[in-house]
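Have a look at these structures, which come just after this line.
Both complexes below contain chain A, partnered by chain B and then by chain C.
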Partner chain A sequence: MKEELFVSGRNIPNIDPYLNIWHWEIPLYLFLGGLAAGLIFFAAYFVVRGKEKEMPATVKWAPMIAPIALIVGLSALFLDLSHKLYFWQLYTTIRFSSPMSWGAWTLLLITPLSMIWVASYMRDMFPKWDWKFKFLYKFEAWVISVRKPFAWVMMILALILGVYTGILLSAFNARPLWNTSILGPLFLVSGFSTGLAAAIWMSKDKNERKVLSRIDLIFIGVELFLIIHLFMGFMAGTAVATEAAALFLGGQFTISFWVFVVLLGLIFPATLETIELWGYHVPKWMPPALILFGGLMFRFVMVEAGQITRFLY
Partner chain B sequence: MNKQISSNQERYLNPYLGGVLLGLLVILTVYITGRGLGASGAIKSAVVTTSNIIAPYETQQNGYMGRFVSDDHSPMYNWLVFESLGVLLGGLLSGLLFGRVKKFRIDKGPKITNKKRLIFAVIGGILFGFGSQFGRGCTSGAALSGSATFALGGVIAMFAIFGSGYLFAYFFRKLWI
Partner chain C sequence: MRYAMAIDTLKCVGCGDCVVACQTENNVPHGYCRDWIVENVNGTYPSLDLEFRSERCNHCDNAPCVRCCPTGASHIEKGGIVVVTHDECIGCGACIQSCPYDARYQHPDGYVDKCTFCMHRVEKGQNPACVDVCPTECLHFGDLDDPNSKVSLALKNRTHKVLAPEAGTKPQLYFLT
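Our next item is the complex of A and B:
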């Protein structure tokens, strides 16, 4: 190991007193990662349950967004790196104690696998599609024959990906807003909810949308529950944590969080989904668009606010 | 609630019940915020903010708009802006519950074109914007909240708005019937 000498007069630009290194790239990446995790999880889930026919948009069409989201997200992540040429070094080791190692390996697997998932449904979606080469047809037939185990693998990877987008932040012990174990499940639930929203938006089948909306309502409920507990935890914590929570309870992020994330991004779309389930006509793009907006906003707020929170001195 | 709403008969709340609810809302607003509600203030904030982005010097020099610009916070940091956001959401919810939200369309009288309807709507909006700022408030800010506190100005504003509405309706009836 290389020794590093660190002398500080507390003049560390962009790190002390406030972290100022993560801009739009990271929240966008966390959002797209969560979205892809949600899309893949539910596509796989309905295959495992044997509901491929009833849920065509969730299983076949919506997952087409997943590889695109992953590639755009990873490009944003790559843009953020200071030493772009050394990113491959993540793949020279496996460290179970490092969320970044988990994420790097999961992404290495799930990105190509999500492409294979979409490819295996290509001829279902576009009957005129031609793979050109014989070995591709053979490969397709093999993937279709192992679809259920494949779906299980995808479900597990999607869970890891979803949790990782939150754990990535919560592993920062110097930033009190992020350093809470609720962040992992919270980002997982939020990511799954955005994935469901994208599937609802793409679905043309009334029954499918109904099933997805019901699941989405549960996820929104759980998300609200976790958000409340996040703040209860902060308020019952040390002065550092209370100060972090104060940013959201009267501080500069109060409006962006409670109005735009919680009200517009969770409670209002949940209300719309509920009245839609009751039989009222709601424009079908409206609840999913609000949920996706709320999910994106949530990550921007969390990344931005987290960088400002710090230990007292 | 009746979910089978026929396509051409749109449904609204009983106007008398709506009026009572609006009155109760004013009481609630005063109880919660310590002041009445308003709508034109939100539009004013939006106008000042836009103007301040495009031409900051002129806006700050302007005797009227300059009063709303401060270094501490944006003019949008005003509870009326968020109240208006809530009005939009509430209106949407009411429209959904009563089956008024359908395909995008322009409501108008049967004898005029969409273009004419939009032009007159913009002219009406501009006049109302002027009027609300001269009258220190609109139907909700001056007339509703004002008369709720028995302010003479509020009562005058109420009669002026609806009285002149009755008077001018005759001349513009062709736009609607």
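Our next item is the complex of A and C:
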């Protein structure tokens, strides 16, 4: 028998009997941050490649979601803080050892820049759009003149943002489920895949959808590959790692992860996209909606399950 | 200077005085605690092994809570005491996630709170409240760099362990076994 009791009594809110400090705000933000990173990355990528005309939805229309997603995500982050009035303390210092610190700074840069990106295409998308002030027209002309370097900056920032959503979790050594370096790439790939899904959903051009679907299939493939590696790592790991994996292999998150995230959120939409590429008709909304749902689910499962895992002593 | 605490698991009876003393001394809100007592039972009757541990923040040398704090509110004070500056804390919860000992909590006022080794007392040369109140004198506090301090002497003559050394945090609570 092995029994451990708090004889002094201990029932601290959100800590006992198991940790539950982060609720819906964090996974929602991780999802929206990844989505925005994906949207921005591919918009910038096709500008760098000089394919603005062939990919109008990816470059111009879909990025409109990015600033909205970022603002909603940031609001969720703000709601999560328990000492809200002091949030500005984030911007009094840069602490490189804290992913949350450089993530906050990245968000401070990428959010306004994503708005400028959308603004620079406003008159392309809505020919009747009027900026009202002369200096805004001047600013617009300047942004358009530096569009390529701007796109490069956005690509790099989107990469940082995408990786950050994973590294935020993997930096916590006390939570064995998160404390694996594969989480950074995994969240990046998953975020980019949701960004692609959103662009596919918004695109009306057949060829554009084809190009995006092909890229998305590669990303889903890599994501599945990384998930397999994640679990191989856990299974070959120490007691805390195998215990963390057990939550997904017969434990309470088995169905929510393997059925909703992997099957419905990755394998099924990938199959539909493949069928569509072969030329069969698939409802347009279905693969992207499933991918977005899977991405959201993935983050909820990871955040909730990770908090339960801990060192055993 | 390196403050540390040695807890005699053989002397501790689990009375909970240290918990109450801390709550009183530090005005810990109702329903919360900065220290707590774990009773660990191992084995099969009649050969049972019982261990009492009075636990609190480990004031780690390699403190993950300090590393992941985005504002620097969690920091290390003189003597290695890990402290949270309340009006720099934004309540993001990162340090709570990063602590393998679950020693931190969100104070009802919003900021994150935890054991400070009673820094306000230690600065005056006194012991932490839990140490002074312990009826079996099973808590030993002091400076590890001073070979004659109570904690150094306690560690010198006894076998001891730390909790979850594999977490790599270099904890500074030593449990005498």
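The rule is short, and it goes like this: the second predicted complex is superposed on the first by the 298 of 313 C-alpha atoms of A that agree within 3 Å, B and C clash if a C-alpha of one lies under 4 Å from a C-alpha of the other, contacts with A are read in each partner's own complex, and residues count from 1 in each chain.
Here is the rule we go by: a contact is a pair of C-beta atoms (placed from the backbone, for glycine too) under 8 Å apart; a residue touches a chain by one contact, two chains touch by 3 or more.
In this text the structure is predicted, and so the values were computed from the model without any measurement.
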Between chain C and chain B, which one touches more residues of chain A when both complexes sit on the common chain A?
C
Who does A:T93 touch here: chain B (first), chain C (second), both, or neither?
second
May I ask you to decide whether A:F225 touches chain B, chain C, both, or neither, giving the answer as first, second, both or neither?
neither
With the two structures laid over each other on chain A, which partner does A:D80 touch: chain B (first), chain C (second), both, or neither?
second
Between chain B (first) and chain C (second), which, if any, makes contact with A:W24: first, second, both or neither?
neither
Partner chain(s) touched by A:G279 [first = chain B, second = chain C, both, neither]
first
Given the complex, residues on chain A that touch chain C span 1-16, 19, 21-22, 80-84, 86-87, 89-90, 92-93, 95, 97-101, 104, 171-175, 238, 307, 310-311, 313
Please give the residue numbers of chain C that touch chain A in the complex, ascending.
14, 16, 19, 31-33, 35-44, 48, 52, 64, 67-73, 87-94, 96-100, 102, 105-106, 109-112, 163-164, 166-169
Which chain B residues qualify as touching chain A in the complex?
3, 77, 82, 85, 89, 93, 96-97, 99, 101-102
Touching residues (chain side chain A, partner chain B) in the complex
255, 259, 264, 268, 271-272, 275, 278-283
